[in-house]
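After this come two complexes, each holding chain A, first together with chain B and then together with chain C.
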Partner chain A sequence: MIAPVTLGLIIFYFYPFFRVIIDSFHNIGAFDKDMGFVGLQNYQTMVKDKEMWRALGNTFKYVAIIVPLSLLFALLIAVLLNAKVKALSFFRVIYFLPAITMSVAVSMVWRWIYNGDFGILNGLMTALGLEPRLWLSDKATALICISTVSIWTNVGYYMIILLAGIQGISKGYYEAAEIDGATGLQKFVKITLPLLTPTIFYVVIMLIISTFQIFSEIYMMIDVKAPAIKFTQSVVMHFYRSAFSYSKKGYASAIAVLLFVIIMLLTVFQMKMQKKWVNYD
Partner chain B sequence: MKTKKLKISRIFIYVILIGGVLIAVFPFLWMILTSLKTNAETMTIPPTILPKKIRFDGYVTVLTKLPFLKIYANTIISSVVTVIAQLTFCAMAGYAYARIDFPFKNFLFTATLAVLMVPGTFFILPQYRIINKLGLLNTIYALFLPNLFSAMGTFLLRQFFMSLPQELEDAAYIDGCNRGKAFIKIMLPLVKPGLVSLGILTFRFAWNDLMWPMIVNTSTDKMTLSASLSFMQGQYVTDFPSIMAGALMAAVPMIVLFAIFQKQFIEGVAHTGIKG
Partner chain C sequence: MKKKLLATILFAAMTATMLSGCGEAKTEPAPAPAQTETKTEEAAAPEEAPAETAETTVEGEIHYAYWQDALTPYLEESAKIFEETYPGTKIVLEPTAWGEYWTKLETAASGGSVADVFQLNGPNIGKYASAGVVVPIDEYIASSDLDLSNYPAALNDLYTVEGKQYGIAMDYDTIGLWYNKELFDAKGIAYPNENWTWDDLVAAAKAITDPATGTYGITADYADQGGFYNTVPLFGGYIISEDKKTSGFSLDETKAGIQCWVDLMKEGYSPSQASLTENPNYVQLMSGKVGMVMAGDWFATTFASDEAFKDKCDVTYIPMINGKRTSVIHGKANCISAATQYPEAAWKWVEFLAGDKANELLGKTGAAIPSHKDYSALYFEQFPQYNMAIFADEAQNSSYPYPTSKTAAEWGDIMWNELISAYSLEVSVSDACDSIASQMNDLLATE
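So, the complex of A and B:
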């Protein structure tokens, strides 16, 4: 019964896993032509590649912005929705909408909203008497604008998971706290938050893994030839361009290995840290 | 006094929630409104909110300049095939890992878990090469082949099978069921929430994915919606009504599906947090 999955995993996952590592020590050019073993050359190129370092820096910025803010807003809305609001299912559906919409389509409409010449955001800025900006070409705003789009799609999705977590907490705790005269905020800090830590932990891990691989938002919102690509492109975007725009697949394999190692380290770090703050009882 | 304070905090809650709703909905509204304008109207300063006159030029461009129906079909076929295959294969493997003893079980399961830990991007280059070697670039098969097998799905369904009491299955054997019959008739229906969860996650992924379909299929009539939108955006740079019409048409099927199965969608996603 495990044969189909196991066979498929061997061909399309186990073999590629080792292949990427081997390829990262080879020089592979256009049409996948293997031009031989080159030792650590791809990794040496990577260390010297300024674009790579910038992409890595950008990716950490994305993680630093998107992960905490997505979690914060998702948690805020989950908690508010749990406060016996009317029309709960209406709110849930509306908030979930961005999460199920094709991210490419989402990026396209946001790109249009941010448009420097005719975008509605600049229309709003002008109406409020503020200076219009070139949101997606300006170094000060481009990365933040892309992050906003990602947060916009994340919030509804993780809100659903957090809300389910909150609803799974036994009512008994809250009743006991009410007898002791606890306020809403106290109940949140002393009961909801500690008992929700396993769910929060899961959400943080998922957010870090997905944000670290951020690609389609950047690809759809920034032109590859635009100068803004420098301060917006992520590691995966750089990987994609190395492999498919410049046909340097050996080098791209080395980037993939680096990406894997970083995500692995982050996950292991999270797992170690969880003992300090995650409650399992 | 207390009720008054309670009322104010209630109002505050609704203000935040409704503010959030506006932020969530506005881009969709803007997509619709823009798609109904003329190109000239989208380039006025200050921008108009409502179209002066409703025009469908954008939709006409998308439907005539791109093989849009073919692209729809490609996306639907590849997503549906992926979901069906994953549910079938992962349910079988998940059940086996949860309930059957066989040689190398621990080793194989650990190896499956290991795949789960690796970011998807990591596998793309060799996967591309395999598809290329098989001569499948620019075919519908290229779109879904590597995605038919899922370590995540196997793990998720194993968790669901593990949570079922052994007695249920034993009772089925006493009643004369064999393993296959017990699996299909007794166990599968009981893990329905797990199947729904996995089905939705997989469908959402297959429907949205950009990089993989973009690299394997480059001819316009073999593309998926996401890849063809990115292609279109490059072609019709400032034709905003057409771009928005395309984006909207690509987004609508998933939204309709969500409208029909919203309960399953929401519960399915909620379950991933509890079981994962």
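So, the complex of A and C:
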């Protein structure tokens, strides 16, 4: 029974994982032609590659914007949907829908919303007497616009996870707090939040990993010939273009390895830090 | 705790490698070819040879990859006739959107599962030919009835790499100046004509530009084939030297051919580079936002099929500069994969597409200008409302060969990567061009 799963893991995860590390030390060009072992040359190129550093900077910006805001909104909506409101399951479905919609489809729709000449966002701006903008082409707004779409897709999924966490908290705590005359806010801060820390910890780790790999939103919404591309492309986007537009597959593998190391270090750091704030009681 | 840590690291590792997985997991073309071969032999065996002997050897399933969706009706019809002519064959059409075509083609070629016959263009032929992914067809041409002089000479040259021809152009395209008549009427100025110089174009662009209504004279965003590839030679510059060893971007003449576009941008006669990446030039022309767009003949189909716009526009020659007129000429070609199981059938399909019947079909569907000179007019007849004759005249009398070399796909990327900033008015044209020249020369040295 377990054989097909293991086989899948080996073919699609373990083999590529080690292959990427090996390839990162080779010079691989168009049509996967291996021009031999080059040692650390790809890594040296990476240090000198300005686009790489800029992409890395952009990626950190995405993480700084998307992770806290996704968590905040997911938590807020989870708490709201935990209350006894009318049409509860309807709202849960509504908030969860973006999570199960293809991100490519989502990005296409948002691309039209943001469109400088025909988008409804600018229609709204004009109706309110504000200046229309070229949201996705302006380097001042493009990264924020992409982050917004990503947050919008993230919230539903993490909301469900947090909601499950909230519902796992024993009712007894709340009953005791009510007897002591605690307000709603006090109950949230003193009971819900501390007891939810294991779930929040999981959500933060997952959010950081997925945001470091942000790609499809950028790929779909920003044209490679757009002036904003340099200011919005993430490490994965740079990886993709290096491998498939510029046919530098060895170099692209080195980028993938760097991204892996960054994500691994961050995850290890978080595992170490969790003692300080995660409550497993 | 230890276990959990290990699990997390492993999980992070796997998630991180997922993204590289897509490019790396190759499927070896193991025993499949042998199987297909025997199968066809079996299938072919009972099929004796009642017809002409030349046709009985042609058999197999030919996969054909192309990117332009508008070609589908013409290709379906061609495939039907081809399959009737050669009963042992089957044509499988594989269209891919332009945005993904090259990525998909290269990945397929690397994995050994590329289509038997596929379309290539000017920037990519050098790369595919020098890597041996496509095969030379000189011998096939020599033994067939095709007469290469029926096709534009510039395109035969384009698909000749190191003295060997790798493809036959299926269509050609040249560039014209499309304009919105309504905007010219509104300002009471004469339409562009064949005597126009670049100064006339600038004057008209200025007259049409009106910040109050949000209209612009022209689109002057980054464009190679539809832009500076035409103006650079008119100023006396070049993109790449004839021996394909040096870049022309450090020349003042080349810079002038790009500067003339950036000047239009600077004066505010064109929507910004940012605006034009959100909504491309032809969309802005059709929406009545700009008066003129320099673009290829292939837009005729798009313009003519829009009820509200089709009668508002027309086309003329690219304005003259220094008393000279030119238009870069390009066309896509059908090439045969080196990995095909059925080289004979693949060639027959290429030959068929270059032949009279297919060219006639292409012209009648109005999807592109047939490359065969006897049939180009069929395409133009589809659009009697436009001055389409200029495109044929340009192709015959004033065409400029499309600049290319083995690494053209790579220096093409360098070109726009640097020039986008110049067209966005962030860096000077001269600096951008110098940067292109040095990077391009490095690349050309590796050829």
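Here are a few things to note about the model shown:
What we mean here is this: the second predicted complex is superposed on the first by the 275 of 281 C-alpha atoms of A that agree within 3 Å, B and C clash if a C-alpha of one lies under 4 Å from a C-alpha of the other, contacts with A are read in each partner's own complex, and residues count from 1 in each chain.
The working rule: contacts are C-beta pairs under 8 Å (C-beta built on N, C-alpha and C of every residue); 3 or more make two chains touch, one makes a residue touch a chain.
Bear in mind that the values here come from a model prediction, so they are computed numbers and not experimental data.
With both structures placed on the common chain, the touch criterion links A:138 to chain C but leaves chain B unconnected. Of the two partner chains placed around the shared chain by superposition, chain B is the only one that A:103 touches, whereas chain C remains out of contact. In the superposition on chain A, contact is made by A:215 with both chain B and chain C.
Looking at the shared chain after the overlay, A:263 reaches both chain B and chain C. In the superposition on chain A, no contact is made by A:72 with either chain B or chain C. In the superposition on chain A, A:239 contacts both chain B and chain C.
By the document's definition of touching, neither partner reaches A:130: not chain B, not chain C. Counting residues of chain A touched by each partner, chain B versus chain C, the larger count belongs to B.
In the superposed pair of complexes, A:225 makes contact with chain C only, with no contact to chain B.
By the document's definition of touching, both partners, chain B and chain C, reach A:23.
Under the contact criterion defined above, the residues of chain A that touch both chain B in one complex and chain C in the other are 11-13, 15-17, 19-20, 23, 32, 115, 117-118, 209, 212-213, 215, 236, 239, 243-244, 249, 252-253, 256, 259-260, 263-264, 267. Interface residues of chain C facing chain A in the complex, by the touch rule stated above, are 4-5, 8-9, 12-21, 23-26, 103, 106-107, 109-111, 127, 131, 133, 222, 272-275, 277-279, 284, 287, 289, 410, 413, 416, 420-421, 424, 426.
Only residues 9, 13-14, 16-17, 20-21, 23-25, 27-28, 30-31, 34, 42-47, 88-90, 92-93, 95-97, 100, 102, 108, 111-112, 115, 117-127, 129-130, 132, 145-146, 148-151, 154, 204, 207-208, 210-211, 215, 225-226, 229-230, 233, 240, 243-244, 246-248, 250-251, 254-255, 258, 262, 265-266, 269-274, 276 of chain B touch chain A when the two sit together in their complex.
The residues of chain A lying in touch with chain C in their complex are 11-13, 15-17, 19-20, 23, 30-33, 115-118, 134, 136-138, 205, 209-210, 212-213, 215, 223, 225-228, 236, 239, 243-247, 249, 252-253, 256, 259-260, 263-264, 267-268, 271. Contact residues of chain A toward chain B in the complex are 1-2, 4-9, 11-17, 19-20, 23, 32, 73, 76-77, 80-81, 83, 85, 89, 91-98, 100-106, 108-113, 115, 117-120, 123, 126-127, 152, 156-157, 160-165, 168, 184, 199, 202-203, 209, 212-213, 215-216, 219-220, 236, 239-240, 243-244, 249, 252-253, 256-257, 259-260, 263-264, 267.
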